[in-house]
Amino acid sequence: MDRFQLLSVLDQVRAGALSPADAALQIGDLPYAEVAHAVGSSVIDHHRELRTGIPELVFGAGKTAEQIVAALRELVRVSGAGLATRVDPIKAAAVRVLAPEVTVHELARIVTLGTPAARSWCARIAVVCAGTSDLPVAEEAALVAESLGAQVVRISDVGVAGLHRLLARLTDIRSAGVVIAVAGMEAALPSVLGGLIDCPLIAVPTSVGYGVSVDGLVALGAMLTSCAPGITVVNIDNGVGAAVAAVKIARLAVRS
Amino acid sequence: MDRFQLLSVLDQVRAGALSPADAALQIGDLPYAEVAHAVGSSVIDHHRELRTGIPELVFGAGKTAEQIVAALRELVRVSGAGLATRVDPIKAAAVRVLAPEVTVHELARIVTLGTPAARSWCARIAVVCAGTSDLPVAEEAALVAESLGAQVVRISDVGVAGLHRLLARLTDIRSAGVVIAVAGMEAALPSVLGGLIDCPLIAVPTSVGYGVSVDGLVALGAMLTSCAPGITVVNIDNGVGAAVAAVKIARLAVRS
Amino acid sequence: MDRFQLLSVLDQVRAGALSPADAALQIGDLPYAEVAHAVGSSVIDHHRELRTGIPELVFGAGKTAEQIVAALRELVRVSGAGLATRVDPIKAAAVRVLAPEVTVHELARIVTLGTPAARSWCARIAVVCAGTSDLPVAEEAALVAESLGAQVVRISDVGVAGLHRLLARLTDIRSAGVVIAVAGMEAALPSVLGGLIDCPLIAVPTSVGYGVSVDGLVALGAMLTSCAPGITVVNIDNGVGAAVAAVKIARLAVRS
Amino acid sequence: MDRFQLLSVLDQVRAGALSPADAALQIGDLPYAEVAHAVGSSVIDHHRELRTGIPELVFGAGKTAEQIVAALRELVRVSGAGLATRVDPIKAAAVRVLAPEVTVHELARIVTLGTPAARSWCARIAVVCAGTSDLPVAEEAALVAESLGAQVVRISDVGVAGLHRLLARLTDIRSAGVVIAVAGMEAALPSVLGGLIDCPLIAVPTSVGYGVSVDGLVALGAMLTSCAPGITVVNIDNGVGAAVAAVKIARLAVRS
Amino acid sequence: MDRFQLLSVLDQVRAGALSPADAALQIGDLPYAEVAHAVGSSVIDHHRELRTGIPELVFGAGKTAEQIVAALRELVRVSGAGLATRVDPIKAAAVRVLAPEVTVHELARIVTLGTPAARSWCARIAVVCAGTSDLPVAEEAALVAESLGAQVVRISDVGVAGLHRLLARLTDIRSAGVVIAVAGMEAALPSVLGGLIDCPLIAVPTSVGYGVSVDGLVALGAMLTSCAPGITVVNIDNGVGAAVAAVKIARLAVRS
Amino acid sequence: MDRFQLLSVLDQVRAGALSPADAALQIGDLPYAEVAHAVGSSVIDHHRELRTGIPELVFGAGKTAEQIVAALRELVRVSGAGLATRVDPIKAAAVRVLAPEVTVHELARIVTLGTPAARSWCARIAVVCAGTSDLPVAEEAALVAESLGAQVVRISDVGVAGLHRLLARLTDIRSAGVVIAVAGMEAALPSVLGGLIDCPLIAVPTSVGYGVSVDGLVALGAMLTSCAPGITVVNIDNGVGAAVAAVKIARLAVRS
Amino acid sequence: MDRFQLLSVLDQVRAGALSPADAALQIGDLPYAEVAHAVGSSVIDHHRELRTGIPELVFGAGKTAEQIVAALRELVRVSGAGLATRVDPIKAAAVRVLAPEVTVHELARIVTLGTPAARSWCARIAVVCAGTSDLPVAEEAALVAESLGAQVVRISDVGVAGLHRLLARLTDIRSAGVVIAVAGMEAALPSVLGGLIDCPLIAVPTSVGYGVSVDGLVALGAMLTSCAPGITVVNIDNGVGAAVAAVKIARLAVRS
Amino acid sequence: MDRFQLLSVLDQVRAGALSPADAALQIGDLPYAEVAHAVGSSVIDHHRELRTGIPELVFGAGKTAEQIVAALRELVRVSGAGLATRVDPIKAAAVRVLAPEVTVHELARIVTLGTPAARSWCARIAVVCAGTSDLPVAEEAALVAESLGAQVVRISDVGVAGLHRLLARLTDIRSAGVVIAVAGMEAALPSVLGGLIDCPLIAVPTSVGYGVSVDGLVALGAMLTSCAPGITVVNIDNGVGAAVAAVKIARLAVRS
């Protein structure tokens, strides 16, 4: 309930069209009434996009195929489209059996249903990826950004051990309004990139590697301590978070 | 050396105005020539703002008062202003002895010299701070953002243990184009804020606390794993990094 | 053997009804005699409820189906009811084959046998859960609390990213004498809740998440360092421990 | 603003005594008005006791002597008493210079001002301490509990390496409604105690020790994984948190 | 080659019975000649018992069934008996197919072949175990100690949460010359035991538990920081190491 | 493009044989043109050996059998040979189905295709291995070194618990120009070796062990803190890295 | 109170010489009566040597000079001698002012008072030390062992980087009944020693080093994972614990 | 004693010039005789250079000024020169008072005495340093390498955030036979460098930074997991170790 709705309720009270008791009920309860729609044991927050600009995305890792399908259908029912992340191949197959109309994006481990509504213009986002093992996380970021209305340019396999590959793609990268850099192991890519571009740069550490880097903590630490100032970081393997942040930023950009 | 400069060199070669050997020297060396100016044992990268949009900032923690003064003066000489961070009170006093014209910002542990050049317009930045112990980091972020041309609104002591304090300031926070949230201990502030606003949100963990939170790792972890998607994070106590990222984002915003 | 029993033994010695040697045996051994009853390789401590107010609960994780059934039957034999936790689906199926009369609670991974004796009155316990992935731990806490005689109110999916959902349920939560808050990831729920209620609050971190939160250590750390004073914490995923602590507290409450 | 206040505002609107616009302002803003009173750079939340049952306590570690005195005086002005924790000897001396009327509790590192108001009855709290090095934390817990109206019994130096010392004090411990157990190093005290008593038990790990126990993490881990179910734990060295939790519990107890 | 053998070689040189070159060869090489006998890709060190008092034990975890059988047979060939640890059930079945004459100890995950030679007298060893989940490690220690000639008394399920169970078995424990205490989770058993007995006490942490104790590090830390001085510790789950240490100690004991 | 090629391009410009625009294209793009050849989603850097002296090696852990075969064939096409590491038995079988002409090295988990070109002379490399469980890592190092043109001497099972075994092989070890020492658990081998030899020594920690050593961090830490100065270390289980470093060093050696 | 004393009390009851009430008092309280003697805020457990064979030792780190002196004097009063550990130079000076008759052992940071009583025979203990920086811990172990009646042989600076130094002292080391090995950094000494001797070996990690070894965790880990079986370990820098364990073992040895 | 010396002793025995007993003494003891010369509580190993090619270097961190001076003088007495590392300014001043003829290298925290002997030729070593805060570690490496006879080229302030600075110095770096790369924070320098040069590359992490990088573990981890194969790593801040390794490698190089 925003201030406009509140004034309208108060006007009805002054006009006698609404009793104070009923108004109290509406004022106290309306902001939360009907917001949530139970789907199995989860709850869909249809007002989230109104508050935060981003619709609810289904995190598939802790859910059954049935729960994922129910959540996606509820999202489609209200907004026309739904997207679930972290759906592994076996679960994706089960989802497809329950809902043959879904689209499964294997590399990104994403399942989508319906067609996203057109969203407000936003600047181009570059998803830059250090190695081929980092591709699933990069693709998760790219697909989520596209589902939120962004145009995405994908640039892969530009790790710093072959610096020429990165330098050769700089023009493409500089054409974007926001850059997402995805890297595992020692994650030097954002540091090098951060010294070469002037737009916002979001770094995503991945859990690619072995030995001391097996869980992505070294990549996370390296990104947080980059000598190139102004790089921001999300959780390990969190392509979704990077995409959401990038879209929020890209929407600020002046169209030119 | 951009493509335009390169063509100009080649034209001179064709015209015989430049020997191939001299051209080779320029092509090989020009992009890096004269870029660095040695100040004592450190090197000032005057081209950084051209490449990344942000001038070099002096990290004072590992430098002597003499080195800080020399670096600030070199920055002032070329660009009119310099700013050094992490200058503790004793070192700040020594800096003031050497350069009485500096301004010392005690809370933020920042020393500035000269007047920053006017910079391109950028949206307002809100620096939101959970507790009074987090203020030095918040103020570091605020001052750096201001030195880079941003208008900053400071909102302090709005930790989630007294939720009403945060909700009372939401209108102020929502008026900004970018929000920096500074919090230590369990750092719940960004999660709550992330569910209430729609602009980009940068979280800064602080090393405030004791026991398991003494070094800020819990706050960092909490911010990285926030259930509110799209929050990005910088290193512990890294007010500078948050400010630089926020300014880069705020510059994208449409003036309205 | 309490002081009353000791005096009785000594009186018998003075009366010559008991030899000093036999008395020594009783005094030395009685407090522990017959306390333990071997069930396969484990030992059931039937006196535990007398000492601590809580009967022995079977921790199923390190036991075979046979051992679990034997332990439950021994508990039923003496006290009428038994409860085993951490029984995964496959083991639960095996338990049901051996003892078809058991009740299996799938979500909570709990198996029960018999009917718990009526226990002393205790105040209502609210089990508040941040996300749907945290439900198994929350349900473990709820079922154990109920088996110990508590009335439980379950409140789910009230994570702080949608603050309105939590605020809408505050009246229900405040109606309880003790609150258990279950949350994974950054676990901001107890901090927000702790600033809004005045009854004892027990926080249970869960191992829900990925990246830096994969094992629940961030949630644990966040709960321990909450800025809301007076929150107490149990081990990661330890719904049982939270329930036992809550019941001990709720028994203290004045019926009103 | 509770439902009663809301109805009153709405009645005034219906009566024409209040314009809808002014009512909207009150409804939106009133709940947070006048709650906070700024004292220098910190903010005192005088409504905290109304919401949570516990008044604001001043955490002295990150504050100057001036800030501590100002905060204590503001608390005394409104509620008659103030208490600051983590005030080391040098800072305490400075506080005493500024406010000679304070009482300094050296062992507990606590400074108090004024006389706490009488508070509602609560059951006796036993503060049990494993070793002499743990005494500062235990005393912090004891003094805070007393300031909140509890009667405290202190039992010290009953570590499990001399089990007889603990068993000799069991009657005293069992006389309490709630027990706080303070221990460092391997922190076995709560486990032993947890098997012997039936009232709520709060464990406080301390940072006492060296080698692998230097920072209290082993003690914390041992308390969280105790084989005695139902022990709850607070942050390392957090005597205040244990006291607040214990008082909240003890207030529930039936007077008998 | 000891000094006696060396003098004998030198005597032969003086007598001309051995050339200096051949003597040099013997002096340089003899100490290592024939010590190792290759069995497939592993090497059996038959001289280990001569040097250290303990024969080589086969660590089965990183070996195939074929390698284990070959190693056991080589040990039997020379010394009459062989013992392999960390042989899981599937590997044990494969071993039994290859060598039907082996004895498989399921609980302890041990496979033996042949009959150990009689060894020098040693004092009785008590293996005390906190919980039933710790039994595999305790049994590994007991069986290895027995294979090395020790008489072992097994005492199980005497965790400190039911202190009476431990106190009831103190006489048995005190009858031993050396005590091995096996415990997981918070591992308070050695601390309590260490204050009650006067013989050497070796503590073995186990990886039993969940949450913060899942890998045994809390148990290890608790044992290392025990307030009962003089407890020594081995690696997590290292029943073999505890047994070897205990036997070395027990051999020192005076028979009485 | 080296300076020689650059001068040649500039000469053509002066001679009018090349337009400035075409020259700019060559100068800007040539160093990176045609360097990469896409193989499925990965990219082969054929210029790597020119820059770093070592050809691209295929890291098989994050790749499918199809990707591995395609990468190997591309490497064979250009340079005559390809080598993939971290190919587990199941994936190796799949690779063999796709490309029956590959050679599978089971112990080392390596697959090779084609015949490596003769490379420049390099000194002998000794691969010294502490225990049989460390052999896969040692063999990975040995095979990679051989594929890069080195002569390798393998010395196994010379852990320091049987010091005579190591001392007996010292002559062999000293005959090498570079030594690679592979060890897990406490990894004392490099420290002992480092005090006995004068050539460069590269230490490889392995993840062999259990308890505190399960992931190789203890071995890594021990190697980094060796009291024998001048030992350098690679990542846990990184046989490839050790081999590459050793070959680069061995190529420096004077043939004698 | 042992069984003999208990029978005696019961006999007095039967004989009417003791009332049942008084007997109850004695039986219930005697084992703990008068055991503790308060010295300031610490408690001296004079019965500890009776129970565990080792008298109470004063841990000086958390005590004031006054507390240390009082504790030592109380120990001297009853048993003739007292020993305090971890007394740094400044505190030792203060102790000497208060009690000029103390003996200060600077290197070991130990202060002693009085003359220890003769104790039962025990075998010789060798304290073997890897580097000169480890000497304070080694000397603490040696002095404590001597104060408990052991004859100690000190062997220093025999780190494995100079293996000949260790081998040259093997005869001395083998002459002991028990060996304590003290080492920091990578702590390879116990592994090498463990393969060369047959008596019990206790390893003490020290916090000597920098980088990854700064706090002794690498040394601790290396000792726990030694490939030489049967080594037991104490906490980092815990010379006292090693000495107590060694003396308990050495007392078992047959005099020969 | 090498084989040549052994044959000489045996020849004397055969010739009757030496008794077998005396020969036994020499053979058994000679290798260790006179090797060590005690200087106060430390021991100088004059034979180390013979065995390992590198003389003993004095690690000053755990030594007094007196001990450092004594060790340096003993080294000068035998070999003409001595070098001590980790000598902080206060200790260096004390050393200079005791031995005015020392040379103090402030930045590198090194003290030298005497003139190193000429050593065998070795290739040039490049010490490349990422930031000015890393200079002390870089300078320690450079000075130690020079003291061991190497020619060193120092290249500073070439962190990857200003990539042009590094590329501008590539020719200098490529002129070296071995490269040492020193970097703190995210330590991306070695990864970038490793893809550009073909000589051996040793990486030294430094403890420069704050937040997650305060102790150098991120830099260490990043270097160990570099995507550029063949980089080897030493302990954090271990300039000495890198220098020793580099010199051993550079001595192998062919003079050209």
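Order of writing sets the labels: A, B, C, D, E, F, G and H. Residues in every chain begin at 1.
One rule holds for everything that comes next: contacts are C-beta pairs under 8 Å (C-beta built on N, C-alpha and C of every residue); 3 or more make two chains touch, one makes a residue touch a chain.
As the structure is a prediction and not an experimental result, all values here were calculated from the model.
**Student:** Can you list every chain that touches chain D and also touches chain H?
**Tutor:** Touching chain D and chain H alike, sorted by label: A, B, E, G.
**Student:** Can you list every chain in contact with both chain A and chain C?
**Tutor:** The common neighbours are B, D.
**Student:** Hey, which pair has more contacts between C-betas, E-H or A-H?
**Tutor:** Pair with more contacting C-beta pairs, E-H versus A-H: A-H.
**Student:** Can you compute the centre-to-centre distance for chain F and chain H, using the mean CA position of each chain? Integer Å is fine.
**Tutor:** Roughly 26 Å separates the two chain centres.
**Student:** CA centre of chain D versus CA centre of chain E: separation in Å?
**Tutor:** 50
**Student:** Where the CA atoms of chain B average out and where those of chain C average out, how many Å apart are those spots?
**Tutor:** Centre-to-centre distance between chain B and chain C: 50 Å.
**Student:** Could you check chain H for residues that touch two or more other chains and list them?
**Tutor:** Within chain H, the residues that touch at least two other chains are 48, 162, 194-196, 211-213, 217, 220, 224-225, 228, 235-236, 238.
**Student:** Which chains touch which?
**Tutor:** Every touching chain pair, ordered by label, is A-B, A-C, A-D, A-F, A-H, B-C, B-D, B-F, B-H, C-D, C-E, C-G, D-E, D-G, E-F, E-G, E-H, F-G, F-H, G-H.
**Student:** Taking the touch rule as given, give the residues of chain H at its contact with chain G in the complex, in rising order.
**Tutor:** Checking each residue of chain H against chain G gives 29, 31-32, 35-36, 41-43, 45, 48, 61-63, 86, 207, 215-217, 220, 235-238.
**Student:** Can you tell me which positions in chain B touch chain A when the two form their complex?
**Tutor:** 48, 51-54, 57, 123, 177-178, 194-200, 202, 220, 224-225, 228-236, 238, 240-242, 244-245, 247-250, 252-254
**Student:** Which stretch or stretches of chain C touch chain B in the complex?
**Tutor:** Contacts found on chain C: 130-131, 159-163, 185-188, 191-192, 194-196, 209, 211-213, 217-228.
**Student:** If we count contacts the way the header does, which residues on chain B are in touch with chain F in the complex?
**Tutor:** Listed in rising order, the residues of chain B that touch chain F are 3, 6-7, 10-11, 13-14, 16, 20-21, 23-24, 27-28.
**Student:** Per the contact definition, I'd like the list of chain D residues that touch chain G in the complex.
**Tutor:** The touching residues are 132-133, 135, 156-157, 162, 164-165, 167-168, 208, 210-214.
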